[in-house]
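There are two complexes below, and they share subunit A, which is joined by subunit B in the first and by subunit C in the second.
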Partner chain A sequence: MMRPLFTVIDAAVVAGLIVLSILIPILKGDEPPGMLIIHEGGHVREVELERWATIEAEGPLGVTRFEVDGDGRVSVIKAPCPNRLCVSMGPIAESGEVIVCVPNRVALEVAGGKGGVVDAVSR
Partner chain B sequence: MTSKNVKPKKIILFIAALILLLLWARKPEQLGAAYSETEFLMDTLVTITVRGVGEEDAKTYVRAAFDEMGAVDEEMARREGTPLYKLNKAGGGALSQSMATVIAASIHWAEASGGAFDPTVAPLIDLWRVKDEPHPPPAAEDIADLLTGVGYLAVSFGADEKSIELNGRVLDLGGVAKGYAIDRAVKVLKDAGVGNFIVNAGGDLFVKGDKGERPWRVGIAHPRKPGELFAIVEPREGAMVTSGDYERYFIWEGKRYHHIIDPKSGYPAEGISSVTVTAPTAMAADAVATAVFILGAEQGLAFLEGTQGAEGMVISSTGEAVKSSGFDHAAPEASSR
Partner chain C sequence: MPYRGDPRNLFLARAGLFVALAATLQAVESLIPSPAPWLRLGLGNALVLAALILWGFRGGFLVATGKVLLGSLIAGRLISHLFLFSLSGTYSSLFMMALAMALLPRMGYVGLSTLGAVAHSLAGLAVASVILMGPAVWSLAVAVLPAAVLSGAVTGVAAWYLVKLSGGRVKALPVEGEDIRG
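Moving on to the complex of A and B:
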């Protein structure tokens, strides 16, 4: 009589691998680090969304200064534009959220991180 | 150990383990990576994200979609030199096909909403200067004076609908032109065969397809908690537009004055802090969202229920959320956050 190709132990090994493949990403927190995408006119740069950071972006009107607080929330604290709408727009923290300073052609966009569950924000 | 000792089942088990490890190691996005580009357009940040096409094709299609949106902005912004600027200055004249389409849609939504949405509200928008530094609100007499120059009923199309007489009115297409630009970009992407994309113009969206491993997820901004989301939804194909009092406003002596002006009172509309509307086109969603905001929660919801294809969620000034009967179907809440 031919022996079966797979034994109970073989099946257990495969089942174990399947369980591991599901559990490992969950346990290790499979989420990308939060990034802050900075649009400065036609240029784009990305910085890691570190806590307690002050960052500057340059536009045609001057420097837009923004800070990241201890909870990863981004706010514009100084802007050279006349209406300073961008200062009142923040803070932003969720992936997809944006602060835009149209006169100074500067925009800040949160991407990924713990809030990286959305692909866009309707606002 | 020689090759003769390697049993077939061990080889099969080894391959199975390898496949499982590869499945674990890959990022889901790599199965169909999304491609995004962002530009400043129409006084906001526009992001177009496509998925399921090669990068070179994606770049070509996204570029074409941006070009369409840019063309709308060049034609329908109210800044000096645009065709709309010239039309307003001349008090009317011949219309391009796209301008005729957008103005006709504006008039349609003005009629449908009983004048809550009105494309002739431009003089009041200019008077309030919400984009400027904080300042005292306009005098009541100035508002009353300008109200006499507002009203879409005075606008008349020529017999062929290719020309228009403004009869003293000034058009502001800001309430629909952004939506129209999104719709034009959507047409470009659909014509190119792109099955999965988001066109996002400053939070006004059109969503089609999915992200691959899950539906596209859209956060709805919390109107009173900056940096927080009120809800996360997975909208079906179509447009989603939110109008709120929290993005463009100024505060004077403790009172908030926002940019959505009621064309009947001449003052910023009150009662709602945010309304999110879904519709088959962004132009419709744009106009309906503005109309609902001005109508207020009760009348606004009635308007939504009577508008085919449109659904909405209203968040009142006190923070209560009320949805139209089909909103949860059009934009079901995401299963997990």
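Moving on to the complex of A and C:
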């Protein structure tokens, strides 16, 4: 018996796979809130990126103040360092992004939550 | 004139032809520029499906193994992490198609090939999530799976045409249901 090219079963399978590929992202649902890893001096602490907050980190030069907005974006709003690169680095939100203030020995890193940032894909 | 010698020689020659075709198609496809690494037609899998249908699991396994080893060797990715993608994808696709053939005798080429292509892509995502980027790659599934369904359907038609040709017009091709054990 020659196997057919396309039957009702095939149509069902193809339709099912298309529906599945649409359903996967919907069923995945809400991601857990991301975490913000704060390095200050030698210490490391973590806070959840759930709601609006202003957080301060101590460094040798003074206090670095940063803000978490309701959407999980983190930005430095006040820094004691001379050129304020950390302030101009703008908000970070996605897993793997970092803001570093070298003079004040403070680093902020987002982990988890919204998908990772892929710089490049090599093949 | 039909071949009257040892049928094992016939199988060897035909399976060799299939392996050569599959490996060449895989290698050539990997040279074609593509906007994304997972966006490929996968015509080499048409040969694996045709071998599965003509010779059963043994033949399919042989062609799949030959395809992945030789194809990766020609394309220069045998000793690289890319080889893991070919290897896992090809075998997942082979097992998925063999399973579907056994469970659903009335399923056609398009359905089998589509299932195989989706298994290939899911294996690729699984490998990528382990060795490259972590679970974030699963969000790519939205784009990867529809592409796999489409390329699987095209590949299925190609496999169907290949087996159709093997009815006699192309003498080098095997005939459906022929005994390969000899």
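To be clear about the criterion, the second predicted complex is superposed on the first by the 82 of 123 C-alpha atoms of A that agree within 3 Å, B and C clash if a C-alpha of one lies under 4 Å from a C-alpha of the other, contacts with A are read in each partner's own complex, and residues count from 1 in each chain.
Keep in mind that, in the parts below, a contact is a pair of C-beta atoms (placed from the backbone, for glycine too) under 8 Å apart; a residue touches a chain by one contact, two chains touch by 3 or more.
Here the structure is a predicted model, which is why all the values come from computation and not from measurement.
Contact comparison for subunit A: of subunit B and subunit C, B touches the greater number of residues. Legend: residue contacts after superposition of the two complexes on their common chain; A:10 is shown touching both subunit B and subunit C.
In the superposed pair of complexes, A:73 makes contact with subunit B only, with no contact to subunit C. Shared-chain residue A:44: touches subunit B; no touch with subunit C.
Of the two partner chains, subunit B is the only one that A:100 touches; subunit C does not reach it. In the superposition on chain A, no contact is made by A:61 with either subunit B or subunit C. By the touch criterion stated above, A:35 is placed in contact with neither subunit B nor subunit C. When the two structures are aligned on the shared chain, A:87 is found in touch with neither subunit B nor subunit C. Contact with both subunit B and subunit C is seen for A:18 once the two complexes are overlaid on the shared chain.
Residue overlap on subunit A between its contacts with subunit B in one complex and with subunit C in the other: 5-6, 10, 13-14, 17-18, 20-21, 24-25, 118, 121, 123.
Those residues of subunit A that touch subunit B in the shared complex are 5-6, 10, 13-14, 17-18, 20-21, 24-25, 37, 39, 41, 44, 73, 82-85, 88-94, 96-98, 100, 102, 105, 107, 109, 117-123.
Per the touch definition, subunit B reaches subunit A in the complex via residues 8-9, 12-13, 16-17, 20-21, 23-24, 38, 40, 43-45, 47, 49, 131-133, 198, 200, 202-205, 207, 211, 216-221, 226-229, 232, 240-242, 244, 247-250, 276, 334, 337. Within the complex, the subunit A residues that touch subunit C are 2-7, 9-11, 13-14, 17-18, 20-22, 24-25, 28, 95, 115-116, 118, 121, 123. Residues 36-37, 53, 82, 104, 106-111, 114-115, 118, 133-134, 136, 138-139, 141-142, 145-146, 148-149, 153, 156-157, 160, 163, 176 of subunit C are the ones that touch subunit A when the two sit in their complex.
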